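Same chain, two partners: subunit A is paired with subunit B first, then with subunit C.
For the complex of A and B:
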């Protein structure tokens, strides 16, 4: 019979805490930067210029149809040969931004296309400029429409960020790897780390739906 | 000595594609069987079955696939099954696929109007017959597109088996990179091969989705 021994794992709580912090900071910054990038990309894609649309499409398809692990290896090991040398943390952040933006672009594009054309015409008729129409008439309700999809994409991003441990980026999974190699309590370490991820994803999911109820709690016409 | 990146190295990576495909196929079949069972239990009228399967789905959708792989990998040795990356990767990915497919298929089963179930019950069909001849054939039609979409996610997911030491496409890329120090070429090739597998599947999923949307449009 196997004897579980959680003591050495729990004794390493400062490492776990540092790992949690890195995971949260990485995911939150990747989402903030990724959102800004994907709004620009979605605007480019829906702008009507075929060349812009083609470039954004190629980027989105390329990223969505290759594994995140390979993207990380490409950025961390491959880019230095082009003269771009990155620390594990900045490589992890760049990879997460690149990955998240591709998915978020498609989500925001769907949101933008869900805006009725009459809204845009009404905005134009009121004398708003193209940028004003995009920001106030298209983007704002579009973001509201895609809020649920975007929040689950964020939780997915946080779970995916565990893969950056493959280049020892100091995140929660990497902290687990370090504790594992120090204590040899492999199974116990990963049980604890997995439970922490479960708690984080459940907490975010609860927080996001609370925000949705508080912020978007007004009637909407379809 | 640094090895040159030549045709032999390219061939080594291309040949590793079969392990990625084999692992994806096993996980898809295993996950399909498990997923159907979980989806049926999740939509059944028995409370404890629903609770257990909801917990199973939450657990696998709320934790990283990488951690699931580690837990199965190290958990197997504790159960006295020995450490074998092949079995661990196949088992972990099957469980992962079962949870995701179950959630997709639950939605498809619940999308069938309740009138169908009521009519079948009124005709005296027991649960098994009702599912087999009335509900599932209709649910399958809706399920095809999202299932193909998930297949892309699964193929990409098999790359994580590289981290527990299973030599599939990504791991073979790492091995060749360690010998040739040509990361740019190696990982471009690896990414390209994944793209060749995944892109047609994504394309197919989108087309199926559109066709279904057109067929069900009112």
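For the complex of A and C:
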């Protein structure tokens, strides 16, 4: 029978707290930046210019068909030879944004394509500018339509961020590994870390539901 | 009937344990070995690349090669006995083997139980960084990025001497730490002498060793009081080192020549 001893793990709470902070800041920043990037890319892809569409397609295919670990190694270990040297945390943020945006671009593109062309024409007929049409008639309903898929992609982004410990970024997974190597209480460490990830995912889910109620709570006719 | 048999077995077992415990640790004489014609060497088989089981299901590795050379040198037939980390010293002290070539690190605690020869192998860890920079002491690394393989010997040793403000970056393995050094993502890394040799080979002139972290040497162990036998083992080791044979074994198993601190014969 295995004897659990959580004392050494809980005694390392400052390390865990620092790890939680890094994971939360990294994930939240990557979500915000990634959302902005993927809206621009989705707009570019649906703009009708074949060159833009080709570039975005190439990016999406490249990222979606390669492992995240390889992408993060490329950014952290490979880019310095091209003159771009990033700290582990910046490299982790860049890798998360690049990875997340590829998936989110396709989700938002699907949302944009779900908007009936008649609505856009109606907007133009009412005298709205092109920007106004895109923001209020295309983008907002599009995001509303794909919101559930986006939230699961956001949660997935936060869970994926556990990989960044491979380039020595000090996230929650790295903190867990450090504590584990000091205390040898690996089972206990991973139980605690798993629970923390679970709590963070649930918290993010709750926040996303609140955002949905606040932003997308209006009646639509189908 | 059954309970009697069990009790008998228990008494016999107890007797065996007491017998081993009570058995005086006898010194090993060379004459006894010559009369028997064979040398029973205890070695680990779960400690690559020092002790492994090869594809022919035989003990092999750095230790096996040294043991083979030792038996040849003494003109005896080699009899390798697989031991484990915890039971290797009891094996030697109870006389089931004659000598240990089992990656036994020379420590003061162990030297109270067994008698060690001169080192035949060793692992040293050190800080290595960009050539020309002054990282001669841990103080000079304040504000610098130092890569380490998480939970490795060098991690423990460096963390102990690191000054506040040193930017320690822990990677999952040596390969990632080395990659970080080569790509300039860290200013220095801690690693073992084997890895240092590899770095100096792939990137000649770019890096140099800055300061040592920890050093451990492994010795051949014999039972206490075996002065004559120990003398023969030490004489064998001097020959092994000066003839370059130990270097060959080191190159074969560790991919690098034996370090200077292992090779010195005094």
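The rule is short, and it goes like this: the second predicted complex is superposed on the first by the 214 of 222 C-alpha atoms of A that agree within 3 Å, B and C clash if a C-alpha of one lies under 4 Å from a C-alpha of the other, contacts with A are read in each partner's own complex, and residues count from 1 in each chain.
Here, contacts are C-beta pairs under 8 Å (C-beta built on N, C-alpha and C of every residue); 3 or more make two chains touch, one makes a residue touch a chain.
Given the structure is predicted, the values throughout are model-derived calculations rather than measurements.
In the superposition on chain A, A:157 contacts neither subunit B nor subunit C.
In the superposed model, A:81 makes contact with both subunit B and subunit C. Ranked by how many residues of subunit A each touches, subunit B and subunit C are led by B. Shared-chain residue A:67: touches subunit B; no touch with subunit C. In the superposition on chain A, contact is made by A:166 with both subunit B and subunit C.
Contact with subunit B, but none with subunit C, is seen for A:194 once the two complexes are overlaid on the shared chain. When both complexes are overlaid on chain A, the residue A:142 reaches neither subunit B nor subunit C. Looking at the shared chain after the overlay, A:41 reaches neither subunit B nor subunit C.
In the superposed model, A:108 makes contact with neither subunit B nor subunit C.
Overlap of the subunit B and subunit C contact sets on subunit A: residues 73, 77-78, 80-81, 165-166.
Within the complex formed with subunit A, the residues of subunit C that make contact are 147, 150-151, 155, 169-172, 176, 179-180, 183-185. By the touch criterion given at the top, residues 73, 76-78, 80-81, 85, 88, 165-168, 174, 177-178, 181-182 of subunit A touch subunit C in their complex. Interface of subunit A with subunit B (complex): residues 2, 61-62, 64-71, 73-74, 77-82, 155, 159-160, 162-163, 165-166, 173, 176, 186-187, 190-191, 193-194, 197-198, 201-202, 205.
Residues of subunit B that touch subunit A in their complex: 58-59, 62-68, 70-71, 74-75, 78, 152, 156-157, 159-160, 162-163, 170, 173-174, 177, 182-184, 186-188, 190-191, 194-195, 198-199, 202.
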